[in-house]
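First subunit A sits with subunit B, and in the next complex the same chain sits with subunit C.
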Partner chain A sequence: MTPRKPVDTGDPDRLYTVTGGRSRADESFDLVTLIVSESAPTPGMQSEHARILELCEHPVALVEIAAELGLPVTVVRILLGDLLDTGHITARHPRAAASVASLPDSALLQEVLHGLRNL
Partner chain B sequence: MPVPASPSQHPPAGAPRTSFAARAAVLVVTAAAGGAALALAPSGATPWTLAVVLAGWACVAVTVLVDHRLVRKARATAVERESEVGRLRAEAARRSAEISHLAGATLPAVAERLREGTSAADVLSAVPPPSDPQLSRITHTFAATVEEDVRRVMTIEDEYRAIREELDEAATEHDRFVRETMPAAIGRLREGRSADTVLAETDLPHHPALRVPAESFIRELALSERRAAAAQAASAKALSRVQAKAVQMLADLRDMQERHGEEVFGDLLKLDHSTSQLGLMTDRLALLMGGRSSRAWNKPIKMESILRGAAGRIAAYQRVRLHCSTRTAVAGFAAEGVMHLLAELMDNAANFSPPIDEVHVYVEDRSAGIVVTIEDSGLKMADAAMRRAEEAVTGRVTDLASLQGTRLGLAVVGRLASKYGVSVNYRPSSRGGTGVVVLLPLHLLAQHREPAPHETAGRGESLAGRGGAARGVPVQSPSASRTSSLPARDADALPSAGSAVGSRGDVDALPVRGARDAGALPVRGSNGSGGDRDNAAEARPAAAHLPATPESPAPRTERQAAITERLAELPTVPGQGRHRQPDSTTPNGLPVRAPGRTMAEAEREREQRQSAAARSGDTSGRRGARDAGSRFGAFHRGARQSGNGGTGASGIGASGIGAPGNGAPGDGTPGADSLPPAAP
Partner chain C sequence: MDSATSELPAHRTPLRDTAETGLKIVVVGGFGVGKTTLVRSVSEIRPLNTEEVMTQAGVGVDDTDGLTGKNTTTVAFDFGRISLNDRMVLYLFGAPGQERFWFLWDRLFSGTLGAVVLVDTRRMDDSWYAIDRLEHHGTPFVVAVNRFDDDARYSLDEIRQALALPAHVPMVDCDARVRASGKDVLITLVNHLHDLATAKEATP
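Take a look at the complex of A and B:
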């Protein structure tokens, strides 16, 4: 028998309560889909939704959101599906969103790579 | 009696005289008649006549004389008789008087004296003895009889008194036995002492009629108490194993949910739900059997999590609608109890309402604590049923004997309510069904109101304060604002454990934004006074429309500091440290306060870091630009997490709590757009 832990360090939330019992995610998101929030959180919103909206003031990849929330990707996709349906967020493909996200362009990266090789 | 005798003495005195005169007259008359006859008689017949006359007279005279003598004799006899009668009468009167005296005075007196306890001989010698020996005998007999009777009565009285005393004693003893001895003995038995101990300690009545049944009663009761206690202990023990298994299963399921993809996710959720229900059932039984809850939380749990945790344990969790916008958290020690209590009430509400209706749960922040209202729209409870429910949830009756069949939920609610001082009240619901109002008093709430953990809070926050951002209000604790004496930039770079050590006087040095935030929403600080609470309540509406302002570094800094401080103040629990990094810095150079290291050391290190950060130059330019490195780091972390599963998440949370210095986000911190790169 596994010895009982003296305390629980986990979370009392079960995932089915977070998703309201849903287990099928919206197919429109993949791991690197960039999410941008379109509105501020409203009071009374589910806390995960609110946190996603806060996280996504600048485009953030789905997988990062999952890491931040400490939730499985499937759950995050379900939550994002909710937000997308209500128009709180928009989802973009990372490539298309590259300039918006102001990522360093590939030329710069190339340059850095060269520099590193030259070291 | 001489009076009636006296008149009868005169007539005999006069009668002889008259009779004698009459007799003399008769003699004279007859003499005269004889003389006349003699004179008248022819001469020839004179002698003869004379002779006849003489003879006749002589006869008359003799007769008269004889008569006279006879009469006198008779009179003398009569007189004598008369005096005899008088004497006898006097005698009779005297005797009658004596008898009446005897009856009226002497005998009562004798009886009296005898009753007083004097012996018969003494009494008889004291009273004048009656002249008549018969009376004297009567007196003696009477005295003897009375004496005998008196003695017998006294004996009987003595016996009666003795019996009476015995009876009184027995009654007193019985009374004491019933009122004191038995309750005390039963109390001791309930405390778990053995029958022999109790029998030795108890002063049982001496009367065998009481003693024997009392002894057998105590032994029997002790046996049944022991049986009940053993059954309870065995159940609690067995249930604790089931509980541990259930908790383990929940952890495993969570692990699998992280690890496996969408194809099995739904099934895992189903299993998770079933296991949670199983946990509720075993917890319910365990609590009734005197055991413990299966889980214990070492940190404050947000109200939203409490409600979700509660709802997740019941079958019909999808019918429960939660309306929660408070940021208050329930203190860790009470979190599990409150969750269980609410779960039972939600379960009841869901079970007693139509399966299509929703159960609504409202949370209100009141000055007396948090009010949770659970309303269903089922049938109204009958008054009697509501009274029974009220009675059950007060927790006054904790005897297992009061349980009814399988309806254990309310009994558990009662126990939990009385354990934590939660008040539970039933009332008719405005929605048509029944409403339950639960008041969680202030002492159950976390001392610190949850600081709104924004995106900057990083890993430590991901467990403790997810829902805190629901309002999007920047919140900080007053104590955190003290740390703002540091230049904002430096504090930003180094939100270490030592940042909470600033003195109170430093508040003046607050950056403008920090000051505004602090003023806008004072949260219940470390002093946790009611005044702060009230202020918070007043300030909240004003603060609610403040936009979240993550683009400015200052409030973020302070939030980080607040979180760091909160984390530092959380009790370090053994078992959490296993995720802690042994180094004094994280891989990104952020300081970690090792367990046991003093605050002063941490502070020294912080100073060093601070100067290093100052040397590294202005960081403001980094704010807007997304750092590619941090992004990739976050990506890796996310990918790793989604691959590794729940252990990674809980590990991060645990390290965030356990290692106070790790309040700043670690590698990269996605979304933390203004975070400076890790210190070298």
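Take a look at the complex of A and C:
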């Protein structure tokens, strides 16, 4: 088993500080939205924001950022919302799925199959 | 279940700069059935673990107090990754089948391509709930029977009957420790999804 990173849910106070007391996350960020930094961290930037910018020099999925930072997904969504608003990152969202039950088109699935067979 | 030996890189391996589309497949099953093992066997990265928080009060309702509420609980899940081509990257999530997990389904796994229900024949009871929930959420799925003990006590037909699984749901035997076998499970799922999508496109 990979050593489990401590995820910081045992201390709500710290999460409160990290998010400046906010608990409303930007739900447009999917677990697999790919994040890319558009700038380097700036002096005085909150350390979590800076860390995300360093991580995302190449595309990184939201869920990987959460795992790397040891923070819950909701907290990462809030932090990414800040960075998006200030133009520090761009987000490559997954192709929109209109509803939970909607199927992607067969052409996309054919591409997935092709990729899996080539593994 | 953690018998897979890992030769995966310990450090972060970045995605290609051309990566633009993230996709999700969820592996659900009871404790110890081999979800992480399956994720590990096909993943290009060492499986990572993360968590999401929810409030007890927020179960089933939209909470505004999610992170600071007194009754927060967490749901942990593992994930791995497969770069399918220059643009597409597939994330595989190993998710617990227990009740509280399903309250987070819409928040975490909407837009999921489909699911694999991983079954251990010694604890088939654990699978019923997952199957019921996936049907409820309208998520297409296949059932993979993890035969890691060379366990051939029950045939797939017998398991299908025991799980009251409709005939249209594909079933496949697997050994979650073996990469080729894990890959086969994923191909079975995506083939199923492709059939469903093709049928849907043919009848507008």
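Rule of thumb we're sticking to: the second predicted complex is superposed on the first by the 80 of 119 C-alpha atoms of A that agree within 3 Å, B and C clash if a C-alpha of one lies under 4 Å from a C-alpha of the other, contacts with A are read in each partner's own complex, and residues count from 1 in each chain.
Just so it is clear, contacts are C-beta pairs under 8 Å (C-beta built on N, C-alpha and C of every residue); 3 or more make two chains touch, one makes a residue touch a chain.
The model shown is predicted, which means the values in this text are computed figures rather than measured ones.
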Subunit B versus subunit C as contact partner of A:79, first or second or both or neither: neither
First (subunit B), second (subunit C), both or neither touched by A:44: first
Which of subunit B and subunit C A:21 touches, first, second, both or neither: both
First (subunit B), second (subunit C), both or neither touched by A:33: second
Subunit B versus subunit C as contact partner of A:61, first or second or both or neither: both
Touching partner for A:104 - first (subunit B), second (subunit C), both, neither: both
Touched partner set for A:89, first subunit B, second subunit C, both or neither: neither
On subunit A, the residue positions that both subunit B and subunit C contact, one per complex: 1-2, 4-5, 7, 9, 12, 15-16, 19, 21, 23-25, 31, 55, 57-58, 60-61, 63-64, 66-68, 72-74, 101, 103-104, 109
Parts of subunit C lying in touch with subunit A, wherever the complex brings them together: 2, 6, 12, 14-17, 19-24, 36, 42, 46-53, 63-69, 72, 74, 76, 79, 81-85, 88-91, 93, 106-113, 137-140, 179, 183, 186-187, 190-191, 193-194, 196-198, 200-201
Subunit A-facing residues of subunit B, complex: 240-241, 243-245, 247-248, 250-251, 254, 257-258, 261-262, 265-266, 269, 272-273, 276, 295-298, 301-302, 304-306, 308-309, 311-312, 317-318, 323-325, 335, 339, 454-455, 459, 462-463, 466-472, 544, 547-548, 550, 573-576, 625-626, 628, 631, 634-635, 637-639, 641-642, 646, 649-650, 652-654, 657, 670-671, 673
Residues on subunit A engaged by subunit B in the complex (per definition of touch): 1-21, 23-25, 31, 40-41, 43-48, 50-51, 54-58, 60-61, 63-74, 101-104, 109
For the subunit A and subunit C complex, residues of the former touching the latter: 1-2, 4-5, 7, 9, 12, 15-16, 19, 21, 23-25, 27, 30-34, 55, 57-61, 63-64, 66-68, 72-75, 92, 94-97, 99-101, 103-106, 109-117, 119
